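The following pair of complexes shares a single chain, chain A, combined with chain B in the former and chain C in the latter.
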Partner chain A sequence: MKFNSWYLSSFLISFFVLIPIITVFTSFFESTSNYYEILKNTFLIEYIFNSVALLISVLICTFLLGTGTAYLVSFYQFPGSNFFKWALILSFAVPPYIYAYSLTAFFENYGTAFTILKSLFGDANYNKSIPKFDGMFGAIISISFSLFAYVYILVRASFLYQSQNLIDLGKNLGFSKFKSFYKIILPAARPAIVAGLSLVAMETLAEFGAVDFFSINTLTTGIYNSWITFDDLAFANRISFFLLLFIFSLFILENLSRRKAKYHFNSRGGFKQKEKLELSGNKSVLAFVGCFFVFFMSFLFPLSQMLYWTIKFPENLFDLQVIDLLLNTLYLVFLSSLVLIMFSLLSNYGNRVSNNKTLNILSTLSISGYAIPGVILAIAFITFIAWFDENIIKSLGFLSIKKIFIGSILGLVLVYFVRFYSLAFNGIKSGYEKINISVDESAYLLGFSKRKTFMNIHVPFLRNSLLFIVILISLEIVRELPITLILRPFNFETFATTAYISASEDLLEAAAVPSLFLILIASFFIMVTSRYILRESND
Partner chain B sequence: MTKNFFEVKNVDFNVSGKTKVKNVSFSIKNEGDVICLLGPSGIGKTTILRTIAGLEKINNGSIELNNKMLSSKTINVEPENRNISLAFQDNSLFPHYTVEKNILLGAERNKGKKDKKISLKEIVDLLDIFHILNKYPHQISAGEAQRASLARSLITQPDLLLLDEPLSNVDQSFKEEIQVRLKKILNKLKITTIIVTHDSYEAFYLGSKCGIIINQELKQFDDPYKVYHFPNSVEVVNFLNRGILIPAKVTGKNTLESWDLGTIEGNFIKEYPKGSNVQLLLQPEDLEHDDKSNLKLEVVDRKFRGTNFIYTLKTPSNTLIPVFVHSHHIHQHEVEEKFGIKRPIHIDHIVCF
Partner chain C sequence: MRKISILSLIASLFVSTFVVANEVNVFNARHYKADSELYSKFTNMTGIKVNLINGKSGALEKRIIEEGADSSADLYITADAGRCGAMDAKGHLQSGLTSKAIKAAVPKSFRTDKWVGIAKRARIIYYSPERVTGAELSGMTYEGLADPKWKGRLVIRKSSNIYNKSLVASLIENNGKKAAAEWAKGVVANMARDSKGNDRAQIMAVAAGEADIAVANTYYLALMLSGKKGAEQQEAAKKVKAFFPNQNDRGTHMNVSCAALVKGAPNKANAVKLVEFLLTPQSQEHFTNNTFEFPMIDGVSPSPLVVNNLGLDFKQDMKTKLASYGKNQAAALEVMTAAGWK
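Our next item is the complex of A and B:
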């Protein structure tokens, strides 16, 4: 084995990303405060029960929403079907916590629904007849409408690659449309469904903003509270450990099914383009209404609620330092993207040229960062820095480094790096998979050094992938809440943190303006990348 | 003794820790010579080329080019420093550059060279790829990509050119023409070349020497004529698949007796004691058709090959033997008909095992 500089840099990057995970696992054995005993006897069971109940409910909802809409737009032609094909992914622009604000704002006593009814039918006490979407139910709705697009995107891609031969086979066997759907189409898309649901599951378990807003005690909020309220990092890490175990099993499941899905997409032999069935009459109206309902609920509803409040309370717009928030957000986006792209490229190339098993395993482990809730990552980072500062830096007689990393842009970018490393690493890796290894070898044989091959052959080839990854990272960072909330410097706000702070102070109207900006910026990023997200770039 | 231009000595060729071909030794005497390596798929021919190019390492033996040690247990010159060009079998063009840019990247290596023996235009004309110059690799066919890759390798004017199944994706109708052009260009540029192929006709045409790799060994390395007519082992005979082995007994200095065909005369390429039982190699062109002959065998199959027919005949002991007949022969024989073999049977060079 040759330990060249490429190997070393790739190894160090992967190892750095693994530090928070290692920290959580090692902290498991540290002693905790009395809070642990109190919690163990009181709320821990509730935390687990709520997490599991939330998870199962969200999985059922996102499966129905994602698979149903994907089926309609993939197999049928109806008014607006081409529009809904990409419009449905706009729901990504609305993070669950902003959805939660909209839901509450609309259905609360004297909320938007009340105002609408009053303006339509005059004064009356409508509050009793307006349903209330709060607590667990509100959280399920908010998370489901915000995350169903994971299932939609993957299942639609799977449907897209299903050959007409498969459908014809069903007809040939005398299956009805419904029987063809559940006997042939759905099983063939199973890996994509599992992959989509696994992503939803990980996001749901990691969800902080919406569950916190609805005051539901889950493992994630438990971690946050044990750190914020009781200042017990060790216990926060102990809950994190359990949550991580749970998430890792999902992560493995997702990886396994994705491997199968990949096989499925690549088997293009005998592929026959699917013919979309044109719907007419009632069926076409039903399909339109179904898709419009999901689109409306997942995107138009929160958007219009936030827009309505922004117009209704324009003073909030003027009070908000929009330019500052925008610059702060863009600053984070720029720095993080730059760091992520640079190091992910380096790490990928190091892996490619070293072709070393240890490095491959390390990289595979390091990309698990995306499965770890932001809250855990932020707290693990603080734990590690505190330990490092206490045991290494101070024992060497240097000044404390805590301030450099905690409550600083540097710390924030580093944790973003760990959180979104898998996004950048996998994105570049899939770009690299399209470059046959013999291309590198041809370059060497033409006299190119490894560095020249990287700069002159790989980077230009990966240009489009890199742009796509930058936009995806930007989208994630604009929406990100818990890491920013915990690690941001004093007086440094983003649209997400401003919205959260206003909402947590019960100033939902004030949360509307940053939420609206957040939705608009995220929508812009989604629209720019929709072609790639929908996997139509290679069609 | 003059030193060979290129020499492989006692090398085990490995890939991912597994030995593909053992203890290989061969050499190329003069600069500009072309040799071919033949063998079944997956036998390790490509591994040999990759190792020579420096993409795989060796643990024993040595590889030398033009008096310079390239590979040994302790030495390994990096691929970029060898000036060896390898045209891969699969498409290894840079996907984000046009064909022209791909070829010009190859030319970059020769920027400083004064003695440029061939221009881009000449190579493009020779390989007939003008029409694809502005296209990207994904826009051209596999055969065109192979020719473009070949052009890129040729324009580098390497010290040693390695071609891995260079024409495997080229259309059959165009293949022979490209073979002629390739031979011409290699002669003109005097580029020492090793070609790997599984097509024996391609190897016999392009190479001044041919190596046959079977069962992890280089079985024979010789002139194409000798490889074909004087194969040194049963494995080589079976690989070339151009004849069968029938039992016979040596009856004299120039004769042997076959139970099915009777007396056979000719020149033994190796001496055998009188009375030895041997396996005689019978190639399709060894027997001649004669309608008047009293040695008649039953036709069990007839293959039309354009210029000739190959009849498969069944002997009394149920051995199937191939016989070559010119396609202009006055009449054809159907399956189950009797087919006369000219007697006495004379084989110019008798190969036995």
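Our next item is the complex of A and C:
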């Protein structure tokens, strides 16, 4: 075992990322105040029930939406099929909370639906006949349409690599199309489906904005509320602990299934390019309508509702300091990507050269930050800083460090770092896997130092992966809400926080403008990377 | 050398200015556009920079608490006396928010020496004149909301809402916790639907015929009538009427937007100056015309939209101390939750 500086830095980075997770686990054993003991027990049951109900419904919806559309665009040719192939991932640009605003704006009493009916059919009280998509139902729809693309992308990729032989097999057995779909195609894509659904599950459990908007008490909002309403950090941490256990089992499940998925992707022996079936007549119309419905609901609907409101209440456009918000958002994106890329490179390289088991385990654990809700991370961060400040810094006689970390850009970027570390780490790791270790060895033989190998050989090799990662991080940070909300400094807003605050203050119309900008920026990032996301490049 | 300059450049990106300036730090849970206009006016007049951190009250309170004695917050401005009261009860405010000007402007029951009301609102009953008769409403009180005659006809928002917590806290203060618990059960039995949506959604539910009466704050109707929320909501607002309860006894439940002086405030004097500024006739007029609240001080008239549509001639509850809203808040949530109020 070599304790060199690479090893050390790699170790420190992983350890830093683990701090919030450790904080949550250690506070589990602190006693909670018994003031609200009875109330809390009732709440806990409600939180768990709501979380489970939300989770199961969203999983069913995203499964149907994701695999359905993936199946259509992978196996059939119909009008627009090439367009839908990438247009369906635009739904990523609409975070669940913005979807929730659109849903409410459209269906509420005297909302947009009412206006449309009124202008079509004249004056009447249509309110009672307009369905109301709020509460649990609204949350399920918002989250499902916003997240189904996880399933879509992974399942489509798996369909793409399914050998034509498999499909021929079905035909030879005399299976109907439906039968070969659920007997052969679907089971073969199972690892991808599980991987997609576990991502959806993690995001659903971590979801804050939409669930909070519809005032549903889930474990995640419960953590936030018990921290805020009951002043009970210990209880908040206790709920976090339950949630984390839940998430970790998902995480492990996802990792296992991904391992299997890899196996599938690699077995390309006898790979035969699939012939897409050309649909005609009613069937092609049906396929078109199906995909268009999903595309419309997941992207066009929220986009046009926000656009409509921006036009209807133009004063909000002029009130908003768009340039400031844009600069703030880009500033965060720039700093976070820089830090994430730098440290993930370092840590990956450290892992590579030290090839140490402990380090491998540690870094596997440390990428779990992505599975932890932003609310928990932010709270754990504050808890840790407060503890560290009280017990270590002050007892050594130094000035308080709280202000440096809480309510500062530094603190914000640090927590983003923990949350999105896995994105950067895994991205670079998969890039590294393509650089054979013999390349390093040749470099050493040529007399390159480790640093020189890293700077002159690895970094240029990884350039494409790095670009992709930067865009992914940017997409996440543009949409990120709870961490920014809790930790941002004075006079500092992003599109996400502005939208959220306006919406929570019953100024939904004012939330439309920042939401619109957010969707547009995120769409831009998606379009830039769609080639990578859809795995159609040689990458 | 190049490395050092790159590193220092990166470091400097993180560092916000730590320069001591003539400023006041406001943790602001009121996000009315009108407020930020007032703050810039204040800066222009006095040269004192107003630093804002906007957020939902809960999160802001939390940050003040976690930052403890090191908090950079001077003033906490929020939209309910219950919140200022609760912060006081937790020991995160300090006394000193008093001056001749403040004392002269604000009635005693609307301030303490730690927090001051800056604009008033009443929580009242809205009804459909088509479906509710004058006789039914005659002598109506908050207590009367539990009357079985309203079964299936009432909408009111969730129990977690601070306006409801303060209303119930005032009922506990006046009638005792036991009576309030019974009352909450009656109210839940009368609800036309499970509680959901904001105050404006309650008013619209009455307009849309989902319910006959709703409980909501005064400024919402004026806001809808102003057309700022679109033509449809303006129409909807015309379908409901306002009713001020408890006119024959203690008066209608009043609440305030309040400004509180945070413990350890680094710019205490500037904080007092800002509050004094918010209480000037000029600022008060700005509030009444933009947020449709009632003025805190005498001599300023509410917006014509409020005067014409809600009426001005009502008896306000000046007896119940607003400080009791914070004090009874936990008990209020407890009785509502126990009654099954969502």
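The definition used in the following text is that the second predicted complex is superposed on the first by the 533 of 539 C-alpha atoms of A that agree within 3 Å, B and C clash if a C-alpha of one lies under 4 Å from a C-alpha of the other, contacts with A are read in each partner's own complex, and residues count from 1 in each chain.
The rule is short, and it goes like this: contacts are C-beta pairs under 8 Å (C-beta built on N, C-alpha and C of every residue); 3 or more make two chains touch, one makes a residue touch a chain.
Every value quoted in this text rests on a predicted model; they were computed, and no experiment measured them.
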Fit or clash - chain C, chain B, common chain A: fit
Touching partner for A:447 - first (chain B), second (chain C), both, neither: first
Touched partner set for A:183, first chain B, second chain C, both or neither: neither
Chain B versus chain C as contact partner of A:312, first or second or both or neither: second
First (chain B), second (chain C), both or neither touched by A:227: second
Chain B versus chain C as contact partner of A:460, first or second or both or neither: first
Contact breadth on chain A, by residue count: chain C or chain B: C
Vertex chain A, arms to chain B and chain C (CA centres, degrees, nearest 10): 160
Which superposed partner A:436 touches (first chain B, second chain C, both, neither): first
Minimum distance between Cα atoms of chain B and chain C in the superposition (Å): 26
Contacting residues of chain A [partner chain B, same complex]: 434-436, 438-439, 441-449, 457, 460-461, 463
Chain A residues within the chain C interface of the complex: 35, 39, 42, 108-111, 114-115, 118, 125, 127-128, 134-135, 215, 225, 227-229, 231, 312-313, 319, 331, 335, 338, 382, 386, 400, 402-403, 406-410, 413, 485-486, 488-493, 497, 501-502, 504-507, 509-510
Of all residues in chain B, those that touch chain A in their complex: 50, 53-55, 78-86, 88, 90-96, 105-106, 108-109, 149, 152, 156
List of chain C residues in touch with chain A within their complex: 10, 13-16, 25, 31-33, 51-56, 58-59, 61-63, 65-68, 70, 72, 90, 158, 160, 194, 196-201, 204-205, 207-210, 228-230, 232-233, 235-236, 330, 333-334, 337
